[in-house]
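Structure record follows, encoded as structure tokens.
Chain nomenclature is as follows: A, B, C and D, assigned in order of appearance, with residue numbering initiated at 1 for each chain independently.
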Amino acid sequence: MNFASDNVAGASPRVMEALVAANAGSQRAYGADDHTARVEARLKEIFERDLSVFLVATGTAANALALATLCPPWGAVLCHAEAHVAEDECGAPEFFTGGAKLVGFPGRLGKLTAEEIAAHLAAPTGRPPHQVIPSALSLTQASEAGTVYTPDEIATLADIARRHGLGVHMDGARFANALVRLGVSPADMTWRAGVDVLSFGATKNGCLAAEAVIVFDRDKAAHLAQRRKRGGHLLSKGRLLGAQFDAYLADGHWLDLAARANAAADRLAAGLARLGCRVALPVEANEIFVFLPQAMDEALRAAGALYHPWVTSSLPEGVAAGEGEVLVRLVTAFDTAEAAIDRFLAVAGGQAAA
Amino acid sequence: MNFASDNVAGASPRVMEALVAANAGSQRAYGADDHTARVEARLKEIFERDLSVFLVATGTAANALALATLCPPWGAVLCHAEAHVAEDECGAPEFFTGGAKLVGFPGRLGKLTAEEIAAHLAAPTGRPPHQVIPSALSLTQASEAGTVYTPDEIATLADIARRHGLGVHMDGARFANALVRLGVSPADMTWRAGVDVLSFGATKNGCLAAEAVIVFDRDKAAHLAQRRKRGGHLLSKGRLLGAQFDAYLADGHWLDLAARANAAADRLAAGLARLGCRVALPVEANEIFVFLPQAMDEALRAAGALYHPWVTSSLPEGVAAGEGEVLVRLVTAFDTAEAAIDRFLAVAGGQAAA
Amino acid sequence: MNFASDNVAGASPRVMEALVAANAGSQRAYGADDHTARVEARLKEIFERDLSVFLVATGTAANALALATLCPPWGAVLCHAEAHVAEDECGAPEFFTGGAKLVGFPGRLGKLTAEEIAAHLAAPTGRPPHQVIPSALSLTQASEAGTVYTPDEIATLADIARRHGLGVHMDGARFANALVRLGVSPADMTWRAGVDVLSFGATKNGCLAAEAVIVFDRDKAAHLAQRRKRGGHLLSKGRLLGAQFDAYLADGHWLDLAARANAAADRLAAGLARLGCRVALPVEANEIFVFLPQAMDEALRAAGALYHPWVTSSLPEGVAAGEGEVLVRLVTAFDTAEAAIDRFLAVAGGQAAA
Amino acid sequence: MNFASDNVAGASPRVMEALVAANAGSQRAYGADDHTARVEARLKEIFERDLSVFLVATGTAANALALATLCPPWGAVLCHAEAHVAEDECGAPEFFTGGAKLVGFPGRLGKLTAEEIAAHLAAPTGRPPHQVIPSALSLTQASEAGTVYTPDEIATLADIARRHGLGVHMDGARFANALVRLGVSPADMTWRAGVDVLSFGATKNGCLAAEAVIVFDRDKAAHLAQRRKRGGHLLSKGRLLGAQFDAYLADGHWLDLAARANAAADRLAAGLARLGCRVALPVEANEIFVFLPQAMDEALRAAGALYHPWVTSSLPEGVAAGEGEVLVRLVTAFDTAEAAIDRFLAVAGGQAAA
């Protein structure tokens, strides 16, 4: 009953098997291996266009490299106040950009609103060169609050950004979960909606360590190879990343994995709702933010359930923990067993009944 | 016949099996997994002391983090002019230190000499604060020229460094190869000889992507956790690194792997010598620098042999490519098959005979 | 009628005369001149303790160097949301710290409140090393809203900071104006209240370009000399800075200058109040934030008056521009002529009468 | 008898008078003053073309900003091994570029040779992205060895640089001294010979603190305003820099000052030669590198003469200090009195006679 995060899982069996298979024999180093080449080709198909790909091992690296590509040292990245890039990367974007500012906005349900971004960019920016220059907009899809932007919402935000000269970054640590939920194409959720650079996450959804920085316009990828090497993120045995991604993307495996995680989240959320727990935020990917009665929380923890208590400013207006309630985050993954969910609900239910 | 590098190999079967085994089930994220804990304990045994360990996926990351820990932005790192940190990391040490200088020395046979370091540090450093402050000495063991420092040589250099206030870093991308060749203990080759921070490489010697920054004095590791996270080098599914290292270090596996690579190098070097090729540098680890007659080089390449031509200033005095000779680097690994060596020699010999 | 800023003035005649006098003859370079030595001695007297001094030419340099001394790259600086360091230095603190975060708070009347800082620091900081470490608190005295912190307020904030391991910085671009207004000693307004590093401004108050980074605890000044040189802020002809400060500090000249600027602000504010204009914020230094009827604003500008319209979130609760009113900032300096004030008021009054 | 440096002098009387005159009254801040505007116009005339100007207070700031404009973090700056940017700025170029490498060449008589630069750039640069990218060439005119590049030498070097995609920087801390010596036009010594960005020094030659970054192609100056502000180098009372430069450039004053310094150097060098001292390097600007007999050195120091002993690798082949000789550097300035030279020579001569 480990719902602490989707990074407590290992890799999917298919990904692992591919890794084992790729391990044999000699391969060219530094990303010149066959697996990586195949991944690049596959991503072009999936996104229906030419693009540049840079594989790395962590989401923080992907985000920081992506933002450094879009934002100069004297620039600002506009993002949600609770964005992973702003709150959970120990300043990696500041490090890789050479000291840019991350400007956080309250948003709504974990998502940036067009109104706040438009208002910020419309405000007089003062006398240059005293203020930093807004240079990038960063969206998280699915968001840190487990919600997703529709392609229209992305397009609206990207359009505002573009009109003010900003590049658009999408932190897709849970890209597949959002995509599957929306039922749209990868192209529609990204470049067709105005996204310039995507952190395409695979680690949380069935790989061990595999993320891709995808730059849709090759011209904007200038020197990303240098940035990656200089950041220590060019793996010598590149097959490690290539082979994971290769299996992950083959035959829609990545979509299946995300569908499983999302379905598990739905099952869990529905079960909790049946027990009378208030789900605090819409469950639009594989994360559930829910208020648990304190006794239920204690019973679950006593039974060995793992998950994090949560503090967020993204709750809908008027929604807050009641007396004796605690807000928690539950995350499902591709490998979340129905049995684990059912056991979790049974423990919770025993308590609810009490 | 791929002798291009020791990073064209995959992982050793034992390491791969461990990874597969570690993949199952839930584990705590971000290095709080059981494998990583076991690795830390094992490293303390191996090095016969308390120490701090930070696992990362690349040697460049390990080196850059290690140097940033020892050298402030206004510092200088003294290293061999052909050191990997100086020449092959696209400025990663500069990036992670915040702009320190790498000062390269010609050395001898790929190794720094006590004389040149002592002379540099004895020179008047001018009026502070106009000059940067020599802050770290970085040794590569085995060196980029395939040679190794004896513990005495390390101790002599480290002693000079220490007397001038410098910390000592060892780039151990081929640590095991050097260790096995010298037949000394890990402690004798590092902290007992004065090394403060070690980049303990495992990728080239049987892992897929596994390096450890080892800080022998815990006090000097302050904020390395932050530096690693901020650099994007804290893997969420830390078991990937933990499991590789766990198997690598168990039962002396790592030493066996290095012994195999070294033996392969010896066999290859001896065979080439028998064919009349001049070996340009002592073969003290798993790299061979050898002059090949041009026709032999062509025959080998025609037969599919892979290796790099080489340019270096580390050759012994008076040693240089003769008319019609080409200097090449041949690298063996734990998985280099005797058959591959023999076939290489046969092709070379056919040519030699001609 | 130039009330645009206190940096539209030149130097006070005494400062200028000192500069002329100091210009003659040879002097040792790089701050080893006699003037600079005298300034250091004088500052120790004025602040009643031993301290380290680093003269620079700009307030941005002083602030950025000060913050870099207190805050590591993975740290956060807590400051007012409208602090100069956060909003008006194009990211200089981020640059000099190597990428730290500036975390802005709404404050009240331009000043940080103990409540918001205590609450922020009391909140769980999450799992290290994912979040940056709050490392410095930065106060502006006088504040960007023209208000001043009392020594007690400073002590309360500094005490909270210190208990959480943060260093305390004071941006004293208008230090003298605040000091004179409060009528306390420099020691009481700084280190006795818990300030660790002070940006001691002189440019706005009678110098041409002269700021001092004052570190009260010498141990905390380690490598500030290197930071300054590396930042390009060590003047070769150091007498330029030394001579200005020498005259500025002699015989309480600096206090006289500030008293003049403050008195001019009072006269101007009182006059405007008499004309029925609402002063928006307490006038506690040499800045006036006042609502002008639009017609008055137009008449003043037509008459050649110079000043900036202003946007701020620091207004007292419930205070806002009324219909047809514009918020403006008026800044007086040591050289603001009574005649200029009276003329300004006359123009405004003509309009008020109309 | 202070020959320690040309920064032990104050400003020329004309510059000082201009500063006093400029001090009166209000002026727009941050470089929007009339003086600065006039300086820009004058520089366009002097250099016979459109250009961008950024005034700063130190040569280190000018150099670091200039190099940061030409060289990305993953780039290399090729320069003389004894260049000020490499040896005497405590890593300012590394700081401002975000961690670029400075690659030093031995040169000849303090000047880079076309051969060494061409050879370096012709060498295979290895596999991208492992190596940094040569991005800028930096020449010092006059050089750190007191020699000057002819326009032809500059053009040859710049042409090599340009063919390999490098920008060309000139560190003109002693620009005027070189120019006057060569008797060529500022345009011929810079952009017509291929210089992209010039650090135009005035501090050493008659100002107190005044340097200009001059970018000949406006397109290459993008964001230099942000870099300057962010570096803390935008003075609020910009008239300080504007007024100095205004007087410095008026009526050829700057050329007269340099001519005086050069003439003083010639007189001093000739006198020493007459006394039998060996001048170690050609005197082509205002610096003399000369071997003094030890007794003469002692007598001079006893008489109060100030100058630095020197260590350099730039001496002509075969030239070295003889038994009992010491190499020293003597620097003259615009204000070096003939009397001081004659007294110096008299003391030296007394000793020489002995």
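Simple rule for what comes next: contacts are C-beta pairs under 8 Å (C-beta built on N, C-alpha and C of every residue); 3 or more make two chains touch, one makes a residue touch a chain.
What you see is a predicted model; the values in this text were computed from it and never measured.
K.L.:
Any chance you could check whether A-B or B-D wins on number of contacting C-beta pairs?
P.N.:
Here the pair linked by more C-beta pairs in contact is A-B.
K.L.:
Sort the other chains by how far their Cα centres are from that of subunit C and give me the top one.
P.N.:
Using the mean of the C-alpha atoms as each chain's centre, the farthest one from subunit C is B.
K.L.:
Hey, how far is the Cα centre of subunit B from the one of subunit C, in Å?
P.N.:
Measuring from centre to centre gives 52 Å for this pair.
K.L.:
Round to the nearest whole Å and give the separation of the Cα centres of subunit B and subunit D.
P.N.:
42
K.L.:
Averaged over CA atoms, how far is the centre of subunit A from the centre of subunit B? Could you give it in whole Å?
P.N.:
So the centre of subunit A lies 35 Å away from the centre of subunit B.
K.L.:
Give the residues of subunit D that touch two or more other chains, as numbers and ranges in rising order.
P.N.:
30, 73-74, 89-91, 95, 98, 129-130, 132, 226, 229-230, 234
K.L.:
Using the touch definition from the top, list the residues of subunit A that touch subunit B in their complex.
P.N.:
2, 4-5, 7-11, 16, 19-20, 22-30, 56-62, 64-65, 89-92, 95-96, 203-204, 208-209, 226, 229-237, 239-240, 306
K.L.:
Applying the document's contact rule, which stretches of subunit B touch subunit D when the two form their complex?
P.N.:
73-74, 87-91, 94-95, 97-102, 123-124, 126, 129-132, 311
K.L.:
Can you tell me which positions in subunit A touch subunit D when the two form their complex?
P.N.:
Contact set of subunit A toward subunit D: 30, 72-74, 98, 127-130, 132-133, 223, 225-230, 234.
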